[in-house]
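The two complexes that follow have chain A in common; it is paired with chain B in the first and with chain C in the second.
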Partner chain A sequence: MNGLLDAYRAQFKVTFAVQLEYRASLAIWLIGTILEPTVYLVVWSTVARAQGGQVGGFAPEDFAAYFIVTMLVNQWTFTWIMHEFEYSVRMGALSPQLLRPLHPIHLHVADNITYKLLTSTVVVPVAILLAWAFGARFEPQPWALALAVPALALSFATRLLLGWTLALAAFWTTRVFAINEMYFLASLFLSGQMAPLALLPAGAQLLATVLPFRWVVAFPVELILGRLTPEQAGVGLAVQALWLVISLGSMTVIWREGIKRYSAVGA
Partner chain B sequence: MAFLRLLGVFLKIGVLHEIEYRVNFYIQVVRSAISLATGLLGLTVVFSHTDTLGGWRPAELLVLLGVYFLGAGLIGLVIQPSMQRFMEDVRQGTLDFTLTKPEDAQVLVSIRQVQVWKVVDLALGMIIIGIALAQLGRELGPWQVASFVIAILSGSVIIYAFWLMLATLSFWFVKIDNILVVFQSMYQAGRWPVGIYPVWLRSALTFLVPVAFATTVPAEALSGRLTPETLAGSLAMAVLLFFLSRRLWTFGVRHYAGASA
Partner chain C sequence: MASLRSFVRRTSREVRAVDDISFAVEPGEVVGFLGPNGAGKTTTLKMLSGLLHPTGGEVDVLGHVPWQRAKAYLRQMTLVMGNRNQLQWDIPAIDSYELNRAIYRVPRDDFRRTLDELTELLELGSLVHKPVRQLSLGERMKCEVAAALLHRPQVLFLDEPTIGLDVTMQRRIRGFIAEYNRRHGATVLLTSHYMLDVEALCKRVIVIHHGRLLFDGNLADLVKRFSPHKTIVVELGDDAGGPNGPGGSGGQLGERDFSAFGEVVTAEEGRVTLRVPKADTARVTERLLASMPITDLTVEDPPIEEVIEQVFASGPTESERENERAPVAHE
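On to the complex of A and B.
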């Protein structure tokens, strides 16, 4: 256990140094992170105003709160391993990682958490600024906020494991980019980043509910906003736990199979 | 005309280069398809709750989506790859080879690198605009066609001059590619009419990063809502930026010392 902690501490330092070195890339990534929810916030507020002040139970102030919280939840729980993994496999960069007495996923978890801590120093103040600029209306409930902590942790773990499961496709094909793009398109709509799920057509809502998308973003967002009853919160956490188990299982199995196929091309 | 002849040559080189990597074509098709799906699904969801968005009807926003694709195609086809190569050349000192050629160096630098497959975006943009216009069912008057052509040319010149000025800064600050990526990530905001954004964001998208001139203004021309003042403003901005970028370029070239050559 101590060894694991040491490894994490070392990776924190490395990521911190790397990210500070690439400050400009970091800033660009942040512009995208902030601009996208802001654009949808403006679009939906415009719709609400055109419909006499509200659409689907959301007034402009509610949309502001919704998209700002969505930005934060997405920022804290997203993963980018699928963009890197294909490269690691193709270039053989995975080989040295496999030689270490530690599953490469730990590297990524430490990397991811450090990045989130670092970017939060910008994203959180920006979120507050946006909330002020758009007059966001928050009515959070203490019990819901308390439950949001485990919900965010479950969401983080599930998205990370799902991202890894997807990334592992690189063991079989080097054309993973199409899978990734599809996944991001589905995430945009089905996890509630483009619009609150209640505003999507019934078919899309059903799809979002049976797939993990709703539970990893829309659920924690609605929980934080105080839009759920205690029963709904309980169901949500249970489904989240279920998806965590499913994603952990599939990732473990696919990793075991995939690693047999890995031939370290180019290493 | 020397410019068109050169453009033809570089296009041909681009095609010859790319037909060796045909997979890139499929990659581009998937990228464009996903981008199109994002745009269309977004419009569908929004218009399932309202009839107009900031005064724009669905078919008019489809025109805007088409113009957005045209702009993305133009930038991706020549502007972005050429400017990136130019900045790389400044860093490596290989710009010398361009400067010693018996053609205008600014022309050479601006069109030298072509990403052929981006024509997918151009074609898609035209198809979307065609479908949208058919939906609008409106006869296009000569004023609308003329103002659209002027608006889209002005928009292209503005975008080009903007990129050139930023790229020219690499004569002084060698590592500057990242600023250009900022434009790319701001460009996505052009999928929606800039009129709906709050003043601070609209000003940024008009003057700080001139996305509005490239997307909203030409789309306004086709949907018949463009005022002569806006068109004149876009034209004036294009002329101004073009001359400014030319001045900055000639000033910058004099400053260039040929780093490692």
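On to the complex of A and C.
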């Protein structure tokens, strides 16, 4: 365990150094991260005002709170492995990672956490600023905020493992771009990033519930906003745990099979 | 049209990159792995290091099946590929080294000692503190080699470690490999297109071609077996054409015709190079000395490149031809 922590610490330093080398691109990414939810927020607030102050129980200040928290939850739990993994497989860059006595996912996790710590120093102050500017209304419950911590951890782990599972398709077809696009689109609609799930048609809500999307984003968001009862919170955490087990299982099996097919192209 | 057809109907053909190669390497040996491009050298190294799962056959390195990638195995071996890098491009190599130290769980004192030793042997100096992208190809390669050896592996798979490097840098890497082998008794399996690498480092060579083993033995035996010729170089006295002689054409130097002694490779400036069948070497030498005004005569093996070319051209050996007649299932 100590050895693993040591490796994580070393990767923290590497990621930190690399991200600082690319300050400009980091800044551009951050602008995108902040702009997207701000646009949704403005659109939905305008709709609410046009409809006499509310849409499906959401007033403009509720939309502000919702999208600001969604931005934070998404920033803390999203992964980008699918974008890198296909390249690694196709160009053989995976090879050196495979020859080290440590599963490549560990360095990815360490990389990911470092990136998030680093970006949080900007995203959190911006979130506070946005909340003030748009007059966001928060009614958080202390117990719910406490539960939000494990909920975010479960969400991060599940999204990471699902991302890896999908990325591993690269072992069979070296063009996983199409699969990724579908996943991102589904994620955008069904996880509540474009609109609160309560505002979606019943069919879409059902789909979001049976698939993991609701549980990895919308659930922690609603928990933080204090919109859930303790029972709903308990069910949510249980379903999250279930998805974690499913994604860990599928990732493990697919990794084991896929790695046999890795042809270390030109590597 | 062809690309459209293959878009609609994907066809795939099974190609055996490596087929039925068997060899054993003793601890501490340095073995050269030779073959033309596409012979299966890299594929074999990838299997030995655990990157590739072969469809059949057995491999045992240090008591491990490589592609199971047991941590205990990975800690004892390394694979260096001349055209690949593991170092992070944007940061100094020392930061990547530190990551490797943590991943391989090398105790800090050992790490420092090894790094000092590698810095000395490879003359790394301050290179490790510069961002990798600012290094020249040769400097980067030295840093890559150091990264691959920080955990003191016992087994080294080196795939073209000197590719694209200038002569000085090639010599330095070569000297380093020899020294590392000597100091730590490490086993080295090396591929290279530079015969100087092979001659300097490897007593034993394994030659593969089209995924099959053509030769496994001493470099000297390879030359003996695959080169039926010797090269005789003679230098003639001033009266025998000399610098003023017409030189060159038709096996003649000045007035004298050497084509009766053997195949004339070059003839110029009082110096003639002949290729003669090995068995005739003594007889031809004697005749030359008796009938020509010779001041100096040397008998040499042909250059190793020429021998290798000969090996590749010779195709499968007798036993392999038999195998082909009676196909064996390679599961």
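One rule holds for everything that comes next: the second predicted complex is superposed on the first by the 267 of 267 C-alpha atoms of A that agree within 3 Å, B and C clash if a C-alpha of one lies under 4 Å from a C-alpha of the other, contacts with A are read in each partner's own complex, and residues count from 1 in each chain.
By definition in this document, a residue touches a chain if its C-beta (ideal position, glycine included) is under 8 Å from a C-beta of that chain, and two chains touch if they have at least 3 such contacts.
The model shown is predicted, which means the values in this text are computed figures rather than measured ones.
Overlaying the two complexes via chain A leaves chain B and chain C side by side, clear of any clash.
When both complexes are overlaid on chain A, the residue A:L185 reaches chain B alone and has no touch with chain C. Of the two partner chains placed by the overlay, neither chain B nor chain C lies in contact with A:G203. By the touch criterion stated above, A:V47 is placed in contact with chain B alone, chain C being left untouched. By the touch criterion defined above, A:A7 lies against chain C but remains apart from chain B after alignment on the C-alpha atoms of chain A.
Looking at the shared chain after the overlay, A:P142 reaches neither chain B nor chain C. When the two complexes are overlaid, the chain among chain B and chain C that reaches more residues of chain A is B.
Chain B and chain C never share a C-alpha pair closer than 10 Å once the two structures are laid over each other.
The intersection of chain A residues touching chain B with those touching chain C, taken from the two complexes, is empty.
Residue ranges of chain C in contact with chain A, taken from their complex: 46, 49-53, 67, 69, 71, 74-75, 77-79, 81, 83-86, 88, 90-91, 95-96, 98-105, 131. Within the complex, the chain A residues that touch chain B are 24-25, 27-28, 31-32, 35-36, 38-39, 42-44, 46-47, 50-51, 55-56, 133-134, 175, 177-178, 181-182, 184-185, 188-189, 194-195, 199-201.
Residue ranges on chain A touching chain C, taken from their complex, read 3, 6-7, 9-11, 13-14, 17-18, 21-22, 92, 95-96, 98-102, 107, 259-260, 262-264, 266-267. Looking at the complex, you find that chain B touches chain A at residues 23, 27, 30-31, 34, 37-38, 41-42, 45-46, 48-54, 178, 181-182, 185-186, 188-189, 191-192, 196-198, 200-201.
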